[in-house]
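This report concerns only the one structure given below.
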Amino acid sequence: MWLNQSCLEGEIEMWLTQSCLKIDTASVLEEDCSLSESFLKRTATDEQCIEMYKHMVQGRIFDGIALKFQRQGKIKTYPPIRGQEAAQVGSAYALTSNDWIYPSYRDIAASFVHGMPIDKFFCYTMGKMAGQHLIDLSIFPIQIVIGAQFLHAVGGAWASKYKGEDSVSVAYMGDGGTSEGDFHEALNFAGVYKLPVVFFIQNNQWAISNPIHKQTASQTIAQKALAYGITGIRVDGNDVLAVYEATKLAIEKAKNGEPVLIEAVTFRQGPHTTADDPTKYRDQAEVEQWLTNDPIERMKKFIVSTGLWDERQEEELLKECEEIVLKAYEKALTIEKTTIPKVLRATYETMPQNLVRQMQQRGGV
Amino acid sequence: MYDFLLPDIGEGLHEAEIVGWFVKQGQKVEINEPLVEVQTDKAVVEITAPITGVIEKLGGEEGNTITVGSLLCQFSKTSDSSPPQRTQPLGEKKEETLPKEKIEFSVLGRVMAAPSVRKAARTMGINIEEVQGSGPNGRVLRGDLNRYAKQSSSTIALVHNKSKRIENEVIENKIIPIRGLRKAIFVNMQKAVSKAVLCTGMEKINVTKLVAFRKSIQQLPEMKDKKITYLPFFIKAVATALQEHEQFNAKVDEDQKALVIFPYIHIGVAVATSDGLLVPVIKHANKKSIFEIAEELDSLLTKVLTKKATVEDLTGSTFTISSTGKDGATFATPITNYPEVAILGTHKIVKEPIVVEDTIQIGHTMTLSCTFDHRVIDGEPVNAFMRSVADYLEEPVRFLL
Amino acid sequence: MEMTIVQAINTCLIQAMENDETILCLGEDIGKNGGVFRVTDGLLDRFGEKRVVDTPIAESAIIGAAVGLATRGLKPIAEIQFLGFIYEAMDQMVGQAARLRSRTESTVTVPLVVRAPYGGGIHAPELHSDSLEALFLHSPGLKVVMPSTPSDAKGLLAAAIKDPDPVLFLEPLKLYRTIKEEVQEEYYELPIGKAAIVQEGEHVTIVTYGPCVVTVKQAVAQLQEQGVSVEIIDLRTIAPIDYETIIQSVDKTGRLVVVHEAAKTGGVGAEIAAIIAENCMYAMHAPILRVTGYDTPFPVSSIEAEWMPTVARVVSAVQNVMKE
């Protein structure tokens, strides 16, 4: 299950290639939602299963409303998460408040689970700086530059090791990010310094219009861990329990000086952002195929079949989630807007002479 | 009423085409319910209702294209409509308020001066465009401002004194010593008259064509910022004529009793200055074009007026021209610039009737006065010489030949 | 105590690290090797591997990890071996470190110091001599400090370490060991953003920084013999620029010459000229001149002496503005 350099020992020919590796995708829930016989065992309690399910539904409801709001002009460009709820929720749920996440712009559900209030995200999409006040929640500011957060997570993990903290830093990114230079530099540093860091890659098959097989010649992303002397694992990203269990185990390893790269295999059901039209570059057939493997449907099937959940609870949950989102939007509207004087004051701790002059030219204040 | 304007739903969208409405006029719609489908240049997009309300007006029909920021749909609010916090969707630019005050400004001429000098001029109350610049390329320097300031004050003093004199009649003679340049002119004039035997020939010529010629040159685009006077034409005409009438381009050697003909043609131009008559010289004038003569003349005159002319600039002439200008006499008897044997006076150009082939036409005439040393030149050569000069001034096309 | 710039920086680092456990150094060859110029010599022995870290060759990682460290309560001092190599880390410097404060309304700050040697004059191979300070002057959110003397280096580095914002501390290669002067051993700070008036004068102001300060001093000695009184200003900090000091000086002299090694177009001199044009126009007796490197990439070392500003070029420029 765990990929590392030792997989390459034994009867290997001179030339090293991918064919030296046999890589499985770990899961907990089978297609028919029975528990699998594989090595990832379920440790989540019933309560935890329900909680994770609720988080996933909350994420999806939020996503649907946000999309509508963007079309109504209430918020700016929005990157939908539909289809990736299990990967984000399962991983974030395994963290404690001591742990840090370094998210990209699409890791919204993960951020919610780790404590980000929904109104903060609305603020961010409205261009209000208050949306980035997340540091007290151990959430690093949302990263827009693909891959830069890998290094920040490495630095963060290094800091917690330096200070002797019981903490892990998790960098969230997609498959596209694994092509950036910073990804490789980050994994290399993590391996050299044995840092308590987890690289959580959601392989949602698409980087805007670039499919995974054109993103890398590697058969899997998980195997890239070997090149840097760290550990990798490939999990079924639409199986929230698999993601949860794998992340839990990965965190233990990371805290013991064994950084981990997790590849969660999932699918981006919607467009890259609200400014994108995926019908231009991918087949509807592929989308249809993946819709039969919807993460929320799978978990629902499991908790219903085990008697943990019923339709009444489902209805209540949907209503509750929608109310929460709408309330959060209303709250976000009341938050102060970003202004030029605010930005002038927040570029340095103390305004230097040039900014003081520019402030004065505006008429002070 | 709530106006729902078409938002920018796709990062820099300009307009969208209405594909299909899900609602119609008069229909009540719940918030977030489907409203309309629009086609952008990226995709077909569904827009949902931003508030709960009744559709009052649709912003366009199916197939219409509407621009971002224009009306998509108008709602009237029902009792259960939540008042929206904004009526303009995000992406609308706030109109920048322009400054209200009008500023006073003056259009300045093209004077070259350092910023500190300009400021000094303003402080001293001097219009810098009136100051003659003595720096490189005519740049106005601090010293020029100071000089200008002194002159103005002395002019005022002069006027002041004049009025005073009228009031208190002065009984005694006023004595002005002859010194400096005045003394030099004094001596030279004395010599010219005492040694040479001077006689003056006068002639009136038809310069109608010259006037037109000069005007057409002045109107050329390359002459936009420059001024060409008649003097360069006179100089060129004289210099060319002197090539054929070499005895006019000469001096008398009193001791040798010989007429010394110069091997080059340097035309002196008599200039009146506040201190007296000076004669800057255009050397080899016969070899220069009218334009070159004009430029050199301009620079020499500037030097003279700014007291920067050198000895070299002011000596070495072989023949002199004295123009009395447009306000001067019609005829004169100029004194030769000793030891030169001749001088040509040019006078004002007058517009008057002229007989041309038995008709009277309006044209321009000019008079010439040529004073010469009769010891060595007789009358007839003078006529011939003046005729030569006139040939060019009457038919300026000859300058091209 | 007499110190060179190398010794001044070394001493400052030791003193800072002794008093603050949150300070750590990272960079290529800074530990065992003590830095390719020996600036971090002895630090590994004193403070150990935890606080003096030799890194792989990965400039983006060095700065990126440093940003991660700085935003988790530590004070990293990262070294880029030669300023020319910082291109690899441009996003982490300008896209990340410089912006984190302003995009989070000061809830996230980056108290990072990045040290890098720069400049020509030691006949180094390509890309080892580049002066790139203008790129960072144009990156709001960063500070750029460029001392020219041992005492300035010690005091300004201390200030950089204390500064809550990311500071790029640039060290003049050429002067590392060529200047030795009396430097206060006790820990002290000099203010970032304050220029130094090296010498007062009446006729013309020369604004300069880094290795050119030495060139300018030599030129001024010659000019003094010709009766020209020059006021020399050593900027010491490139970002933020000390407007007040230079404006005050040029208001007095009415003549300005800027001297820097970096290429002319879009260089720091252009910004100084614009500042003076905005604020001192009516005091100017003459145009503003800049004596700089040529608008080419830094050339092969065999012609670098001619490419960089020379004493003769500085003298000539001053004579030109005096002529007006």
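For clarity, chains are labelled A, B and C in written order, and residue numbers in each chain start from 1.
The rule is simple: a contact is a pair of C-beta atoms (placed from the backbone, for glycine too) under 8 Å apart; a residue touches a chain by one contact, two chains touch by 3 or more.
If you're wondering where the values come from, they're calculated on a predicted model, not measured in any experiment.
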item	value
Chain-contact steps, minimal, separating chain C from chain B	1
Pair joined by more contacting C-beta pairs (A-B or A-C)	A-C
Chain at maximum distance from chain B, centres defined as averaged CA atoms	A
Centre-most chain, if every chain is reduced to its averaged C-alpha atoms	C
Chain centre separation in whole Å, for chain C relative to chain B (CA means)	50
Where chain A and chain B are represented by their mean Cα positions, the distance between them in whole Å	73
Geometric centre distance via CA averages, chain C-chain A, whole Å	40
Junction residues of chain B, two or more chains touched	none
Residue numbers on chain A that touch chain B, as the complex places them	65, 68, 70-77, 126-127, 271, 273-277, 279-280, 333
List of chain B residues in touch with chain A within their complex	4-5, 7-11, 32, 42-43, 45-50, 85, 89-91
Chain C to chain A touching residues, read off their complex	24, 50, 53, 55-56, 58, 60-61, 63-74, 76, 91-92, 95-96, 100-109, 140-141, 143, 163-165, 193, 239-244
Residue ranges of chain A touching chain C (in the complex, touch as defined)	100, 129-130, 132-136, 140-141, 145, 148, 150-160, 162-163, 169, 181-182, 185-186, 188-189, 192-193, 338, 342-343, 345-349, 352-355, 357
For the chain C and chain B complex, residues of the former touching the latter	254, 281-286, 324
